[in-house]
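Next up: some structures, all given as structure tokens.
In the two complexes that follow, subunit A is the common piece, with subunit B as its partner first and subunit C second.
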Partner chain A sequence: DSHIQYERVGADVTMKCGSMDWDAAVTWTANGTDIDESHLNGSYLILKNVDLTQSGQYSCYEGSSWHLKYQTYLRVGTPPKEPVLMCRSNNYPKGFYCSWHLPTPTYIPNSFNISVIHGTREMVCEKDVFPKNRCHIRYLQLFSTVKYKVTLTVTNALGKDSTTLTFDEFAIVKPDPPESVVAKPVPNNPRRLEVSWQNPSSWPDPESFPLKFFLRYRPLILDQWQHVELSDGTSHTITDAYAGKEYIIQVAAKDNDIGTWSDWSVAVHATPWTEEPKHLTTEAQVTETTSASTSSFMPPPTTKICDKGAVVGSGAVAVCWTAGLVLAAYGVLFI
Partner chain B sequence: MAAPDSPSAALRRHDLCSRGIRLAGKMRSDVVDLLDTYVERQGLDASASVAAVEGVPAAAAERWDEQTGTQRLLENLVAYRTFRALLAQMLEEHREQLGEADAALGQALAAILLQVSAFAYHLEELLRLESSGPPSEEGAGPSPPLHLSLFERKLRGLGVLRELAQWAVRSARDLRQLAKPGLGSSSAPSLAESP
Partner chain C sequence: GDSWGIFTFLCAALCNLPALPALNCTEELGAGQSIQKTYDLTRYLEHQLRTLAGTYLNYLGPPFNEPDFNPPRLARAERVPSATVDLDLWRGLTDNARLAANYRAYSRLLCYLRALDGQAGTAELRHRLGHFCSSLQGLVLSIAGVMSSLGYPLPAGPAGPPTSPGTPVAPNDFLKKMDDFWLLKELQTWLWRSAKDFNRLKKKVPPAVVTLRLEARGF
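Then we have the complex of A and B:
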């Protein structure tokens, strides 16, 4: 007879050898290894203050015949703690998904049950095949002021716990980050970088549910980001880049009207166009140099600290460097 | 009147939709600001759950993506005509209750009322471009005033503003659907299935 037995960490466990009498002569093994008689009380196996390492197969054999009389698989674990639950709509207005995890492992199997209630209506959250701690719901109604109530209960052999989230339709809308972000230098423009991107492919109808975007960029050598918010379009030209410096650029997205900003996109790097140095000729040799990112930083003579006229694009809002910050940057570059 | 599918009608529709979308966006922003002021001035709890208020058009829509353009316009128009009457009633009650004591709130309500009226006009113009035209206003507006306590009137006002904020979001979406090229008023768009 084989069983599975679940016990809490720290518990004292007593195992009986099936129907054998207390005073029967038996031998217990753990994962095939004999257990010392000091752990026995008659034919009972006593395990005090069990820990995770004591999980395994326990077998009991009759003393003389070595017949297997009882076998059990001991799983030592813990009851579940309150699960962490998150719900989000990255494909609005189609639906939303909820995903969850346990803050600490239980070391034994857990089952999850999720209920979603909208007003008086109970909705079915269909479990995803992968990842398995996730389910999704299709919206039956849009633009409702009635809140959704999602309750997740986690149960295992040692106990259960639950958590509840309450939210309205608009609050959980958060698109995936923009995709295919590309940044390129602009020929003959040492201070410009052209950035383009695409709507996240998970956003089903950008025409009716347009996204707005937030772009951030900085030279690799500096820590402070510059930000631009764009109410339409999927491209922007940076016009105040430092000549010859490599930049890191990211974009985030948000529904025009509701919800929160996406995570930042994958970062892309680009360096503005630089002019090739003029050829130097001597009697002895002709030396050719190519423009490289290792060229020293020489700002254009007419560079302004904040070129307000360089802001382009409808709905773009530029944040200008302060004079002190630029001077500090100059200082860093020449160390 | 130009035929519904003529180029001039299409241009006029597009123009009305664009302006309507901008108006809906401004309206929503102003209603959200007004909600904060209203909750504070009326001594309400911002998280108070207000059950569906009788006579207030609910923005919630089932099968929203399957609606035709004409259905969208008609539902919007009925709603905004009702809001126009509800806000006028709220303004009247506010003046009776407080007189000039809270002019700012009264002015904010009046401004929203103006925007709602302007939006209703946009919807009527869009419906005129359709062969159906806008329905008459007979029977439109809220039911006769209920005998509510002061607190009940405040809660009702909260419900009106919250639902109006939802409608403003929905209306922008409705007009964007309407503005999609190639969609006539009687055809319903289909949202492509996404994985």
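Then we have the complex of A and C:
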């Protein structure tokens, strides 16, 4: 008969050859290889200070008849240390998920049990098929004052440990990063880059729970990021890019009012529009800003700022500063 | 693009002409602006409350000021209006119901908070509480303003004195502190909820939308 035996790293293990007497003549094998008699105490096999390499199948055979008297599978491992538990709501207000892992491997099978208590009610955290160490919960109520208490217990043959997280509904809200970030140069505008993105698809209700965004960008050659916070809309035009330099751009999202910022989105690269070399004039390159600029400004005769051709489908962004003044006047009257 | 600008310019001009009192477009304009102001006020209050609650809970002492403190909700705490609501129910609230819930909640919370004011420990704390109460009163008035500009009746006056008959005063010091703890918790949760409530209302009555309601008399 064979079974599994779990032992701690560093322990001393004594294996008996089933029901055989202590003074019986036996031979032990480890994974088919004979074990030297020096490890035997009578018919007992003594393994001192076991390590992971000694895991394997141990068999005991009666001396002369070579009958298999006992077989065991030795698994050397450690009891679990305190697991790492994380809970997060990336789909507010639908619910949240918790995921966990062990800080160090145990080398033997572990089982995890998670309990979620909300006030007096025990909630069921449905285990995800994949990844395995994750479960999710649907909120039954919104705007709760009572904290959620999540306890994760990890158990194996050598011991157990647990960890508990207690949190408010609002504290764990953290959306996924924005998706489909796209950055494009703007034709005939050497200092602009048009960036657009989408709400993360996991955020179920951007209408009632709008997201705000944080955009950061820098030319590859510099270390310093520039930041813009946007309270609505999923696009932004950078107007102060260094001409001809490749930029790296990222966006993050956050619920307008609660929780924390998402991780940064995948980085996108873009370089502002530059004139074709054969069309370069002898004058300085056009620098275009919508606010007063301190640099000297010499438009080449071929391009005009307020040219119809310069406005290419960029929506509400004012490209002509005189038009901007008129709109501002309207706005003042309106308020 | 251009026609929208001209239209809003016209409306703004018309609404300000004293010769045309029959035009009601200032009311809808007002509602949109008030909703935004109310939203901003909830965010301001939520921010203020974080500091105030921290100070007050420290004054109450442990375990109330411990971050993991998670006591069971006692029945007596139910008189403080709760922001907790079923998700679908919350989504389905009419504008009137949504505003009324906020109005009622803050009116009562203000009452309870004022009662706290008189007993708080240090002068500094009393001063902070007083300031917060004034701001909270501003919020109640702001909500009332939104309701009336949208033509909704104000809910019946706030509950009487904080300790209405049937709800006994806390029998001991610890339970009194528990009451204070839950009051601050509910207030905090309401402010988080209100941000979402007013977000929804903002979408329904955006400041840019102007409806001209012409009285029969004028036109």
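Structural remarks
Here is the rule we use: the second predicted complex is superposed on the first by the 277 of 335 C-alpha atoms of A that agree within 3 Å, B and C clash if a C-alpha of one lies under 4 Å from a C-alpha of the other, contacts with A are read in each partner's own complex, and residues count from 1 in each chain.
Following the convention adopted for this analysis, a contact is a pair of C-beta atoms (placed from the backbone, for glycine too) under 8 Å apart; a residue touches a chain by one contact, two chains touch by 3 or more.
A quick note: this is a predicted structure, and the numbers were derived from the prediction, not measured.
Superposition of the two structures on subunit A shows subunit C clashing with subunit B. In the overlay built on the shared chain, the residue A:120 is in contact with subunit C alone; subunit B does not reach it.
By the touch criterion defined above, A:130 reaches neither subunit B nor subunit C.
In the superposition on chain A, A:66 makes contact with neither subunit B nor subunit C. In the superposition on chain A, A:149 makes contact with subunit C only, not with subunit B. Taken together, the two complexes place residues 93, 140-147, 170, 207-210, 256-258 of subunit A in contact with subunit B and also with subunit C.
Residues of subunit A touching subunit B in their complex: 91, 93-94, 140-147, 170, 202, 204-205, 207-210, 256-258. Residue ranges of subunit C in contact with subunit A, taken from their complex: 5, 8-9, 12-13, 43, 46, 68, 70, 72-73, 82-87, 90-91, 182, 185-186, 188-190, 192-193, 195-196, 199-200, 203.
Remark: subunit B residues 25, 28, 49, 58-62, 64-65, 162-163, 166-167, 169-170, 172-173, 176-177, 180, 189, 191-192, 194 touch subunit A in the complex. Taken together, the subunit A residues at the contact with subunit C in this complex read 93, 119-120, 139-147, 149, 166, 170, 207-210, 256-258, 327, 330, 333-334.
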